[in-house]
Each structure stands twice: as structure tokens, then as C-alpha cells.
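After this come two complexes, each holding chain A, first together with chain B and then together with chain C.
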Partner chain A sequence: MSAPTVLSTGGRTIRITVLYLILTAIALVFMVPYIFTVFAAFKPISQIFTEPAWIPPKSLFFANFRYDFVSGEFLRYLANTALVTIALTLGQVVFSVMGAYAFARLNFPGRDKLFWVYLMTLMVPNAVTIIPLYAMMRVAHLLNTYWAIFLPYVLGAPYTIFLMRQFFRNIPQEVIDAARVDGCSEWRILARIIVPLSKPVIVTATLIAFVFGWNNFLWPLIVTNSQSHYVLTIGLANFQSNMNSQWNYSLAASVITLFPLAVIFAVFQRHIIRSISLTQIR
Partner chain B sequence: MNARKFLSVWVAGLAAAGGIAACSSNSSTTQTGSATHAHLTYALWDPNEEVGYKKSIAVFEKAHPGITVSVVQIPYPNYQQKLQQEFTSGSGPDIFWVNTPWLSTWIKEGLMTNLAPDIAKAHINMSQYIPSLVSLHTYKGAIYGLPKDWDTIAVYYNENYFAQHHIPVPRTWSWNTTSGGSFLHTLQLATIDKNGVNATSTKFSPSDVATYGAEMDNAMQTGWGNFLAEDGVFTIPRPFASTVSFDSAKADQVLQFVRDLMYKWHVLIPGSELGSNATDPSSENNALFAAGKIAMQIGGDWETTGTFADVGKKFKIGVIPLPAGPDGTWSVFNGLIDAINPHTPNFKAAWELEQWLGSPASEKIMGAGGYVWPAIPGLDPLFAKYWASKGVDMSGFLAESKGNLTNWPNTPGMNQGLTDMQRDMGPIWLGPGSLAQTSGDVATAAKDANHDLSTAGAGS
Partner chain C sequence: MTRVVSPPTETRRRPLKRRNSSGLVGETSGGHVGQSGLRAFLGALPFISPSLVGVVLFLVIPVIVLFVISFLNWNLLSPATVAGFMNYLNIFRFDGAAHSLGVTFYYVLLNIPLQTVLALGLALLLNSKRRGMGIFRVLYVAPYLSTPVATAVIWYWVFDPKLGAVNALLAHVGITGPQWLSSPSWAMPVVAFVNIWQYVGYNMLFFLAGLQAIPRTLYEAAEIDGAGPVRQFFRISLPLLNSTMLFVLVTGVIGSFQVFDTLYVLTQGGPGNSTEVLNLRVYQVAFTDFRLGEAAAMSVLLFGVILLFSIGQFMFFRNRITYEYSA
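On to the complex of A and B.
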């Protein structure tokens, strides 16, 4: 009986080794572009072109970053991006909590129909709404302001409301009923019961909104007309001409753009992994 | 965090954003409070030229105290989309760059002001500009902008590499589809395998090439458009034509020749090295040239101002004209204008800026700074002189501007038509053998895919 056990243990070790090798290879495939980007960001353009990308920089060459921050105005873009992303995230999360609570726990005529109609807007392509939205911003004299960049997203997003509604529906109705019997207003129920019990989904929604806001490109490009209001993604794209690319500045700018997101990922890693299970439809 | 705290944080964040927003000005909206003051937005896409135009505009603003200008740089891949969305919503920059691929469509859609009456009124001498640049931007008597610059296509070569391998620099060279001519011979001399053997030798190893002679991308302007023209084949028969005209036996021979240079003679780098569909979407050819993977690069003069300025510190770069085909040397010729938004409330100020940017004084600033070849021929030596001081001899481009030129094919829908053609020509660039797609297939695809193109004939 011992021989098969040895064999199966050996077989298991081989299987695990092979599995880990495959996973390492896949991880490398995903990591390599980022590693190359970081390497290139610290090289002068002539080295970027003449050396293979996998060779690390011989010394840390900061001129690309200096150019981005001094001539390329990336400090301003970084501040603009942080500002509009924070405003967008805060607004989207607060209003999504309110909307999701109404759709999940308040009774009013046509609630579910209204919810599904609202959810259907998820299917409407961006291109359909972009011109009317632009026209609205123009009429409101908000073009080329920070308001224009985040306002369309600030009053909640269908996907976030859907996610929260599903989560709120799993909170026992008895808890809410008990609070109502005790005289709690709906606002108080939301603040004291729903929000504390829903921290995981709120963190998830915050991360989704933050990453969306940080990476948003087309809308800020359409509604801004001056460098003073540009965000990081526009600054990054501006290194691309029709037949000429400023790769050294562009790659350093990519590192500047990625860095805050990487820090956020490192800090909120646990929540992000939990959010993966949360985003499964229940 | 309770809801009240949550809300207060949100309100504080929003108030901060709003506060800063309130401090900002809407530079796309012109100020008309004072009759003598106007604020213009000027849209362009090139970050290198932006530097030069800002210098020129600073001079303009000094001379016109009542006018201020915001230069708005928009990434090229999104330029057309952004502007068209702004125009659709009744907005848009006051004055903006126009590239030829969009020219006809924008004329058709009425996005540019006809400046012919203002030009006549201001007695602007249009004969000071290169004539084909004027005709490129003229349609049925309407003129949509003053020419500012031009570009031709030539061959950059690595002077150090040529000297090291004792390759004679071709001053006059030619090709034909039968023997390949001196063009093929030079490419063979410049294509060297990892054992140091060049492609003229029987010991040359095509599977182990260290440096290819050159590259040619799957692009009308910097690739096949020039070589087809050199054998009498043009993308469209005339401006504003409703048909494409390169679907011919001659075109197939030229395309087969290009393919043979890659896969039979192994002297042009394979198309697969030039990005998606060999269209060079990320300036792959610049990187290959800088890395010494190709000894020559077929390119436009605008490439000198960007990465080459730095790469030129590694090795000396020279420029020679394109090799002559059976019909001589032909280059695709293009140039930009500034168009004025027909709905601008600041037409007078925009017209002042238009005149300035097309004036000898502004073109002198742009030429002498090495940003563009001025559209006024007398100023061209300034651009050549700037680059000569940097060790780059740009006379090859200048020589071409005085020879046979074929304008960018200008007809409504041609932008999409060319995209479709590039897509369908991909197989020609990407594999050995005989043509998988003939020019006829490609032409049909371009015509079928584009309604605008097939109905553009009204003006022809």
C-alpha cells in the first residue's frame, strides 16, 4: 500500500510544480510590460531605442520625469486628476448608496420597473450620450471646468447601484423593521444600519469609481480646452503625434500615472480581492 | 463612517473642486465684453510644432494687444473625433489645424470658413506659396486656409553604418520591377547578416539578418503611395474624384516587387516588424532605425524634429531622395492649413491670427527654429540651415519638393477609404509568396466600404 502513496505524493508534487510554473509564466506575461515601462522611464531616448527593453537602466536617469513635471505640467495634471477623481468617487458612492437603498428597501409604485429601466442605461454606448452631454455642459457654461469632467458621473452609476442593491437586499428585513418600530427615520436607518453593514460593497464601489475616474480619457478630452484643466490621461496621450511619438516622456508619464493606482492597490489589496467575489451576481 | 460624516466629506470634496472650478476661466468661450478684446482657442496636435507655434503666437499677441490666444494640443488619434463632437454641439476652437485626410469631408460638412473673399480683400499674394499647396486647399473657388508648411518623403540613412561598411551613398538611384535596379543593389549592400556577409553574396544568410537595408510601411504617404506614383499609378485620378485608380496590373507589379524586396531578396525588413498590419502605428520604424536594425528609413521630414533629434546623437543621419521608378522620382506631398470655425464669434481676430500664421514673418520663425518647412519657398533655406547646424542634411526633402509631386488623395471619405485600403493590403506586407490581395481587391473594398467616396464625384 505504501508504493501508491509515494507515487501519488510524487505525482501531486509534480502537478503543483507544473501548476506553479504555469502561473509564474502567466504572471510574468502580465508583469513584463510594466517592468519594461519602468526600465524605459529611467533611460534617455537613445538608449530606449538602442537597447533591448529587458535591460535595466545603468543609472537612474531622471530627465524624463523632470521634463514631464517641469515642461510637461504633469504636477498640474496629477493634481487635476486627483481632484476630479476624488469628487467623482465621493459623489458616486454617496448617491449610489441612496439610490440602491431606495431600490432595495423603500416601497413605492413602479420601483422595480424603474430600476430595470435605469439598469438598461448600462447598455447604452458612451458615444450615444456624449454629444447631448457635451451640449448640456455648453448650455450650463461648464465647458473647460472641473465640474464638467466629473458631474456626469457624480450622481451614481447603474453598475454600482445594481451591485449595492443586491448587497442591501441580503441584509435581513427584520433588522430594518425593528429600527422602524423603534422610530428610526429612513435616513437614520441608512446611516446607522445599512452603511455600517455594507462596508465591503462600499469599498468596492469606491475602488471601481476611483479607478474609472483616474483612467477616464475621452470625456475629459472632449470637455476641456486648456492645459490648466487637463488630466493625466490627456497629458499622456499628448505625447503621441500623428507620425511621431515621444516615447521617453510618454513612458515616464505612464509611471507617474500608474504609481498612485499601484499604491492604492497595495493598500487596499484585501478589499480588492474581496470585491472580486462581491461583483459576482447573487 | 456614518452617513452624516460620509456626506460632509463628500460636500467638502465637491466644494473644493467647485472652488477651484470657479476660479478657472472657460477659455473655449471667447470674451466679448470689450469690442477690442478677443480670446481665441487654437487647436493643433503636434507637441514638437506646438513649441514653435507658441513662440510665433507670442509675437502675434505683442503686436495685437486686443487678442489673446490659447493653444490647445489634442492627441492626433482623437483630434478629428473631439473637433467633430464640438462642432456638432455648435462649439469648437476658433481656429484649428486641418490635415488633408479630413479636408474634403470637412468641406462637405461646412466646418471651415471660405476665406477667398477675405484673402482678396486683404490683397494676400497667394502666389508667394507653393502652388500645389494652394490648389490642395481650394475647391470650386473657395479657399479654406493659408498654407503654412509642407512635407515630402525621402530616405534617412545611417551615415556611420554606410561609412563602416563602405557602402557608396546613392545620390541618384532607381528601381524597376524586372531587375530591381540600383535601388535593390544598394539595399543588398546595406543588408548584412550576423556573420557580416551582405545580401549580394551567396553566403548571405537571410534567416539571420543583423541589419536590413531599409523598411517600407503599409502606408500611402510614407510607403506605397510614392512607389506606385513612380510607376504611374495614383490612388485617385484627380482631387475630389469618386473612384480610386490604383487597381491596375502595374500596381500589382509594384506591390509584388515590394513584397519580393521583403521575402524574396530579404532586403526590406519584414512587414511583421512594423506593427499591426505593417502600418507602423507606433513609429516602429523610428525604433528599428535607431536600434540599427535597418540602415535606411523611408520617412517624412517631420520625423526629424522628434525622436531623430536625440537618436542623431548616437550616429550621424543623412537624407537622400527616394529612388526613381520607371516614371522618375515622385513624392507624396502634403501641407497643413489653419481653418477658421464658421461659427466663431471672433472671426476678425481669428482672421488676424490666420494671416499672421501664414505670413512670411511667422513662417520665418517656424522655419528658422527647425519646426517645419515653410510654405513660402524663399524661406525654405532657413529650415535646411537649422538642421545643417545640427549635423543633418535635409536637402533631400527640399530636392523632392522641386520635383514630381503627388498630393495626398483628397476626396470625401478618403480618410476611411485609406484605412480600409491599408487593412486590406496587410496580407501583401505580412507573408511571402504571390499577392494574396490584388490592388483590384483592395480598391473594391475601399469603394464598397465608403459611401462618401463612391458618391464624391460631384466636384470632379
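On to the complex of A and C.
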């Protein structure tokens, strides 16, 4: 009786070891480009040209970053990106919370029809609105301003409103009724009851908006045309095409662009995984 | 690139979750229109007005404006003139719209099937309660959150024929690597590879969630009936993942049709015009040629294709969902 058990646990250990080996190998495929990039960002160009990417730098060489920040204007791009992304995120989250509250918890005529309009706009692909939005920004004389970069996304996102509405609807009505009886205004109910009870979905919305704003490329590419308003993605793309194989600078610039996201990812990793699963609409 | 999300499928019954997904059905739709209705409406107005302005100004009106521009000759410098349907003809005659459409399909075909199979495979590997699965999951998802422009710059370097790690590695085993992004036949596969790398972990998460929602008892029953793991996968897991599959495919296809950032950095449509997808062509015609009418017509074409595909995919899977079960 005991012999087969031992045998099968032995087989199982081997199977589990193989599983972990496979998973580690796959993880390497995902991580290796980042590792090589960090290595290269700390190497002088001569070293990048002469040794393979998998050799770590001999010492921490900061000149690439110094060049990017000072001569390459990346300090400005970083500041622009931070400014635009924070404005976009704050607006999108706050206005989405407000809208979702009305759709989830207030009774007003035409509510459900209006919500359908919001849902229909989910079918409008991003790529399709680029040209008309450009034309509108041009007419409004907003081209080449910070406003143009975040305005189309700052007033709330239908998708986020949809997610939040689902969440708000699950908050027990009694809690809200009790607050109304106590004479709380709708604004107070939203701020003091709904928002504190909805942290997961609000953090999710914040992450979605932030990552979207930080990574956005096509739209800022179209509405900005001077270095003073460029965001990181534009600076990086220009850098890469102008700096013809000066990989030390463009790879250091990639690190500058990705580093803030890496920090956020490290801090919120558990939440991000949960968030993505939460965002699935079926 | 950020993904545009598929329209939610409101009425589909979600197994294992008690709520009906939107609650629009069977709900008291807002109060009576009248004096109290007006008051209720005015009360709600401050809450909805910012997002309503946003939706109308930045989503509804642009769609209308897009169609209007697609009927104009407009080069931004001189006043626009009416072009009628000419733009829709001219994009096929002079701007390579058909070629770009073909290239876009080719890209989607290289990208989506492989990505979906890999995502499902990764989910199956990670679908256990063993230690460390969380760490692997996080590592696999990391590329999804990374800036596509930055990862494209990185991959451009990795695939550099002379200096890149890929060819350096191949040289170690005695293979002379191809020119990758400068090769008309390799450029698109490389672009597809980069996008698969970026999004496969993200899609894996949905399959993982789908797999974990399948009740254990089904597998136990299958085991008693003598079904092996392969049979269990094809007879239980796969059919029950239908709605996850639909979501992953629809969002994946919609996203792929709009690919831009990666291509802008990696190939700019080249070599030649071998990777000139529709969205990139729209950008070129609009913002390097300044022919907004033609570009808008091409956008309408893209919009139409995306809609058709989403609807088609939706119908296909709707008819195939046979294994509904209730909790």
C-alpha cells in the first residue's frame, strides 16, 4: 500500500519541479527585455556596442540619464506627463464617481435611456475619434496646449462609469436611506458613504486612468508640436528616430518612462491583478 | 496602446453570479415625468452633467464630425470643399486603403489566434493553488502595463540585426539571424510577436478567472466517469470558457485593428509599405499629407470593419454556447 504512494509522490515532485522550471523560463521571456534595458542604460555606448546585452554593467554609469534629463529635455517631458496624467486621472475618477452615483442610486426621468447612450459609446473605437477631435481642438484653438492632451478624457469615461455603477448598486439601500433620514444631502451621501465603501473600484478606476494617461501616444502626438508640451512617449519616439543607434540614450529614456509605472506596479501589484479581473464585462 | 473595451453584453446570463449583469432589465426606470420628475432630474443634473458633456462632446459629436469630414476636401490651409463620395473611392484608388486593410488583417491573423492559445495555455499552467503562482502571474502581466512606445524602443534594439540580443544569441549557436524589422517578410511577425508579448499576460488573467469559476465538482464527476485531463479540458473547461473566449477575442481584435504605437516606433509602416496597417495609414494621410477628408473616410472604413468583426464574433459564440449551467 505504501510503496505506490511513495512512488506517486516522487513522480509528483518531479512534475511540480518541471512545472516551476517552465513557469520560470516563461517569466524570463517576459522579464529579459527589461533586464537588458536596465543593464544597457547604465553602460557607456562603447560597452553596448562591444558586449552582448546579457552582460551586466561593470559599474553604475549615470551619464546616459544625465544626458537625457538635461540635454534631452526628459525632465520637462517627465513633468509634462505627470501634470497631464494627474489632471486626467483626478478628473476622470471624480466625474465618473458622480455620474455612476446618479445612474446607480438616483431616480430621474430618462435615466436608463441616457445610460444606454453611454453604453453605446463604448463601441466607438479610440482610433476613430482622433481626426474629428483634432478638428474640434483646432477650431477651439486648443492645439499645442496641456488642455488638448487631457481634455477628451477628463470628464469621465463611460467604461469606468459602467464599472462603478455596478459596484455602487451593490451597496445596501438601508445605509443610504438611513443617511437620507438623517438629513444628509446626496453629495454628502456620496462622499461619506458611497466613496469609502467603494475603495476597490475607485482604486481600479484610478489605475486605469493613470496608466492610460501615462502611456497615451497617438493623441498627444497629434495635438502637440512643440517640445515645451511634449510628453514622455513623444519625446521617446522622437529620440529614438533622431538618435540613430545611440542606444545608451534611448534605452535610458525608456527606463525613465517605465520607472514610475514599475513603482506603481510594485506597490499595487495585488490590486492591479484583481482590478483587471474586475474590468471584464460579459 | 490602450485597448478599447467591447460593448457589454447586457442580457447574457452570468452563471455562478447572482446579479444580472446590468440590472437595466426589470428595474423601475426613473420616476414619473412631471413636477417631481423635473425636480428629480434637476437634482441629478449636477452629478451627470460633467460626464454627459464629455460623452456628447468627445464621443457622440466626433462620430458625426468624422462622417462629415469624410465627405470634404480639407487640407487645413484652405477652406474645406465638398467632395461627396470621392474620398471613399480615392482612398482605394490612390491611398492604398485595400493594401492597408489586407496588412491589418494579416496582422490580426498573426496576432490573435496565437495570443489566445498562449494566454489559455498560461492560464492552465497557473491554474493551481501552489505557492508562487501569484508572483508568476504578476511577472506575466507586467508588459501589459508598460508604455508601448517604451517597450517598442526596447524591442527595436533587441531585434537590431547587428547589435541586438536576438541575433547575438543566434550567432552563438551558429545561425546568422535575419534582418528582422528591415525585412519585408519578417517585420510583421516581429511586430506581432512584440504585441503578443505585451498582451498575452493580460488575456491570461481572464482565462484564469474563467477557469477558477468552473466548479470543481464537474471535474470530479468527469474523473469518476474515467475522463482524462485532455478530455476534461475539451469537454468541460473549453466549453465553459466560451464567454471568456468571446471577451478576449473581441477586445483583442478591436485592439489589434487599431494597432499604432508599436508600429510607429518599430517600422513606420516599412520596409516599403509591408507593415502599413490602416490606423497608421490614417495617421499618415491626415497628419503628414494633410488630407483630412481621405483620412476620415479611411477611419470610417476602420470603424465599419471593427463593428462587423465584433458583431460577427459575438453571433458566432452566441450560437455555440451550449453548456449553460446554473449554480
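The rule we apply is simple: the second predicted complex is superposed on the first by the 263 of 282 C-alpha atoms of A that agree within 3 Å, B and C clash if a C-alpha of one lies under 4 Å from a C-alpha of the other, contacts with A are read in each partner's own complex, and residues count from 1 in each chain.
The definition used in the following text is that a residue touches a chain if its C-beta (ideal position, glycine included) is under 8 Å from a C-beta of that chain, and two chains touch if they have at least 3 such contacts.
Everything quoted here is computed from the prediction, not taken from an experiment.
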When chain B and chain C are modelled together on chain A, clash or fit: clash
First (chain B), second (chain C), both or neither touched by A:Asn144: first
Dominant toucher of chain A (residue count), chain B or chain C: C
First, second, both or neither for A:Val201, with chain B first and chain C second: neither
Touched partner set for A:Ile222, first chain B, second chain C, both or neither: both
Which of chain B and chain C A:Ile176 touches, first, second, both or neither: neither
Touched partner set for A:Pro44, first chain B, second chain C, both or neither: first
Touching partner for A:Gln240 - first (chain B), second (chain C), both, neither: both
Partner chain in contact with A:Ala135 - chain B first, chain C second, else both or neither: both
Contacts of A:Ala252 with chain B and chain C, given as first, second, both or neither: neither
Chain B and chain C contact sites that coincide on chain A, given as residue numbers: 49, 130-131, 134-135, 138, 154, 190, 218, 221-222, 237, 240, 245, 247
Residue ranges of chain C in contact with chain A within the complex: 1-2, 4-10, 12, 14, 19, 21-24, 27-33, 37, 40-41, 43-44, 46-48, 50-55, 57-66, 69, 76, 122, 125-126, 130, 132, 134, 136-151, 153-158, 160, 163-165, 168, 197, 201-202, 205-206, 208-209, 243-244, 246-247, 254, 257-258, 260-261, 264-265, 279, 282-283, 286-287, 292, 295-296, 299-300, 302-303, 306-307, 310
Chain B residues touching chain A - in the complex, by the definition given at the top: 1-4, 6-7, 9-10, 13-14, 16-18, 20-21, 24-29, 41, 45-48, 70, 72-78, 82, 85-86, 88-91, 93, 99, 222, 282-283, 286-287, 290-292, 299-300, 302-303, 305-307, 310-311, 313-314
In the complex with chain B, residue positions of chain A that touch it: 44-46, 49-50, 83-84, 86-87, 90-91, 93-94, 97, 130-131, 134-135, 138, 141-147, 150, 154, 187, 190-192, 195-196, 218, 221-222, 225-229, 234, 237-248
Footprint of chain C on chain A - complex, ascending: 16, 19-20, 22-23, 26-27, 29-34, 36-37, 40, 48-49, 52-54, 95-96, 98-99, 101-103, 106-112, 114-136, 138, 151-159, 161-162, 166, 169-170, 186, 190, 211-212, 214-218, 221-222, 232-233, 236-237, 240, 245, 247, 250-251, 253-254, 257-258, 261, 265, 269-270, 272-273, 276-277, 279-282
